[in-house]
């Protein structure tokens, strides 16, 4: 319950992560050897071997770069669209009344079901994949941002009103900064959506990427490849999240994000 | 920016929703007729006709009941598991160090990629579908809950400590209630994940459900059916979210959730 | 009719646990340039009156006029010092908090800074402008709030126990400053306090409220003494005793 | 060595804007049953000292002993009344807030309720126990905090300007109550206030701090007067003047 | 020849679609003055839909998907038969000796795919009573998991799941393949409207397909190499899989019969929104322009 003392060194954190992952892999190993014993559930070692091979052939790197580019582009676009909409929904009642049916409707429609529509609009190139990822990102950011606006301290807004703030100024200078922690939490949650959706996005006419690798491996029952793709997604997500947190701490520390 | 006056009647809200949806369908109609004009993007009318037919034959209702049962079960299990884990991660540093690598790893691995694993563990029955939905729900709830714990006012925890609260009591009597708004926001976001994942879950050995309907329709290019399934998901999600909010207002109003 | 007029104002809160009549039939008229102090027991409805005049909450009965026009919402003409410190912006430094109103008006950075520094000095926090609210003590936060309201130069100042968390000396210094600013700029001031001496030293009139529920104005005592006031003078003592008696009566009438 | 001992305690904050030495070389020893009042200008480090004694923050130098054992964290033996109202639980009624400590100890609901009602009465809020903190006035919140700390019956009471937002009469009533409880239960009290009269009326010793940065204990004035104290007595006046002079000196030494 | 003509084609990822891969990897497209982007999806059939919006110019997939797409947009037509899948689909059972042993058991079928089509054919050809079997709808990758767990006793599936499943699960064996039941064909599709407007491109494309088919027949090693490079699969696996299929490029009465069968099966599943005939679905125009002798209807 005690807040971490700043003194707890970074080293301890990293040691904790390493321990956590080692434990994860140890449990996986034991599960695969003693518990599950399925031809479809390989132990970690062959998977690592396979990953190493793919890395040596520079195949894995290619897929990672292809997928990460799509994920980041979609994620950034989704966030850039979501934050102002969320702020507007949280701040202005007419906007909320008009837009909420839309957001609250579309956010329940899976990206995978939007593939066809996105191809019709954006073709089978990169655009449609990025659209799908942005689509999966935007609603989480909207809902978190709007919730954050609702949580802005009453007196903060009142004080701004008495200082002569226009609605727009309250929006930009009070609601936005006060909502930053919510926005960032929302973006962290949304980032997982972006990663999850890459698999659906690369179901469409894609010639590279981790999702594509996963689908191909499924088709050919290359169990090790499936797990290589899964673990790559998991680790990349983990790392992206860490980098995101570091950036937050470096640039938005004064907004007191609680992460 | 002004908080809604309680006086703003429910009727106005509903009118707003209806207007929002009508606008949505109007835009869809115009888009389908003038903008997109693709055989894969039908205007709303034939879709409604098809939906009516499916309702008359009681087919749509069956699929909805099947899917909703899975969604709700998975969602509730995921939330029930996620809240205590999130509280523990947010409250206890060792737990955070140990579990975070796990949650931050798995939350980036898409449910659709876990299908095979879930079948290995749970077979092809309902269990594996519910597992997938719970899986898609749990991480969002965890991350929101943990973020909420981090945001609990410092003095609230200090006061409890001085009143002699054990760690467990602070956890249950301070961190938990103070985190309720975050938990509920997390659950609302997670609910969308549950809806989105039903489509992946019903890719596994399923004989009914909206996801199944969607896959079949895709396979046979029954465009209207695809849209009926999509709109059903969207509307059901919207309604579930409204019911969830009403329940919150009725039972958890004193926790001041900001939604 | 005065510059500020509250006419039969009442406020009933609808809580989860039933309704509560916080203020009943509150009537007062303030001239422009008046310094009105409002006293009353804890929970009698002082903050509620201030909130309605500020435009934060609508009265459930009666009406509030400002310069003859009904109050419909908050505005830059009425600067507010809040009870409690939630109104400070955690993400801004003390200096930026003070200069926030000027920023809203689009003043250039350097001008903003100069004014903010001036008010920072006035509240005795020179050199601490770079701290964020979470790094300030309770009294320091309160002083930043006061500086923020003053820096914005409103026509009317609404202050809710602004000097409550301050030690006697800092308090005396700020009282003198406020009195000076008021005399120079002829602002209209509504000042809530629990300190009778403070009220008598600053006010042109002192209002005492009846205890709640249904708190209302019980009596208004004019303070016709020249500034700066000598706290040991006979006139001061007389007013002090009068106000003191009113409050004492109020408490013992109901306790 | 006393019951509570602070030995050369110092605290340096590492802020984003550099470090700030809030407290330097603070040494004091309190006997069991003592009522110690701490005075000082705003921002001199009073709350910081209290926080360290409560165990919320570790000193960066020196050590703090309680009954001979070093303080490592907060505990139920030290009840705290916080400056500000953030420590109240928004989701509980006033009554449940007061009874929170008892609930932690597993007392049955009826007993809890009876005790909470007793303390609610003590702070003059009978009948308002069903309100939530958001429905209370500033002074009412502060009183709930006091009642909560007292209801938990700690050995040591740490109070940070507990009567700051209260009107004179409510304040006097609570002062008398606190004094009575202290005399009956022989609690050890550390009491932060800005009101010299209040300090002289309640304390067995009054400590005055130097202004910051590096706030430290400047002088300790023993108050050897019988209870209840006559505020117009010669002894009281003498102590009052002594403390007043100390504080006055402190301010004008640096201003 | 001027600048190469740009085209986008799409299909699934298995060796049965070899012409697309070979034509690209061996430079046949280039030599014919085409600049082709080959897109792939999880199955050839899934990509046929993209012909509807002219997102792609040619696709390669199964008959049922083609007919379904034609129902939505009559411009989607078969231009040639590309491959006959000789021993591509089969039934794998666990601890079951032969087809008679399958009676009363649970059979995994991937509904709406070749797996289901095949099962329906098995039922009709072997005169089985559908009531004797419990059909469980499962996707291919999960069939193996389900068989392993004992959720099902057998499954109807295509390669490589047949071979791999038998290798992975002890006691599993192939009960029958499609060789003596029904030859499945994958067809090449184009958007007729587009093809007529872009006659030159269509001719070059059809010519490329013929050359690729010839290369597969004449130089098996190079074809295997091209396919394995495109699919990033090991050569042995590709070589083994390619023995189970027979690439060709023509339109014959077999093609017509298979399309008719697909139409009948769709009607049986209540998935035929309106009546069509094979002659509407098959368009001989593209192939007859470059190789009239290959059109034998």
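To keep things simple, chains are lettered A, B, C, D and E as they appear, and every chain counts its residues starting from 1.
The working rule: a residue touches a chain if its C-beta (ideal position, glycine included) is under 8 Å from a C-beta of that chain, and two chains touch if they have at least 3 such contacts.
What you are looking at is a predicted structure, and each value in this text was computed from that prediction instead of being measured.
Peer 1: Quickly list, by label, the chains bordering both subunit A and subunit D.
Peer 2: Chains that touch both subunit A and subunit D, as defined above, are B, C.
Peer 1: Determine, using the mean of C-alpha atoms as each chain's centre, which chain is farthest from subunit D.
Peer 2: Computed centres place E farthest from subunit D.
Peer 1: Farthest from subunit C in C-alpha centre terms, which chain would that be?
Peer 2: Farthest from subunit C by mean C-alpha position: E.
Peer 1: Can you give the whole-Å distance between the Cα centres of subunit A and subunit B?
Peer 2: Using C-alpha averages as centres, the distance is 16 Å.
Peer 1: What is the distance, in whole Å, between the centres of subunit B and subunit C, each centre taken as the mean of its C-alpha atoms?
Peer 2: Here subunit B and subunit C have centroids separated by 47 Å.
Peer 1: Where in subunit B do residues touch at least two different other chains?
Peer 2: In subunit B, the residues touching two or more other chains are 2, 38, 40, 116, 120, 154, 161, 218, 254.
Peer 1: Out of subunit C, which residues touch more than one other chain, so two or more?
Peer 2: Subunit C, residues with two or more chain partners: 16, 73, 84, 132.
Peer 1: Would you pick out the residues of subunit E that each touch at least 2 other chains?
Peer 2: Correct list: 49, 53, 141, 145, 148-149.
Peer 1: What part of subunit D is in contact with subunit C in the complex they form?
Peer 2: Touching subunit C from subunit D are residues 13, 15-17, 20, 39-43, 46-47, 83-85, 93, 124-125, 128, 130-132, 135-140, 143, 160-161, 164-171, 173, 194-196, 247-248, 251.
Peer 1: Which bits of subunit D are touching subunit B when the two form their complex?
Peer 2: 54-56, 73-76, 78-80, 82, 84, 86-91, 100-101, 103-105, 132, 134, 148-149, 152, 154
Peer 1: Can you list the subunit E residues touching subunit A in their complex?
Peer 2: Residue positions touching the partner: 8, 10, 12-14, 38-43, 47, 49-50, 53, 55-56, 140-141, 144-145, 148-149, 160-161, 164-165, 168-169, 231-233, 237.
Peer 1: Once bound in the complex, which stretches of subunit B touch subunit D?
Peer 2: Contacts found on subunit B: 153-156, 158-166, 169, 173-174, 177-178, 180, 254-256.
Peer 1: Sort out for me which residues of subunit A touch subunit E in the complex.
Peer 2: That would be residues 38-40, 59, 116, 119-120, 123-124, 203-207, 212, 215-216, 218-221 of subunit A.
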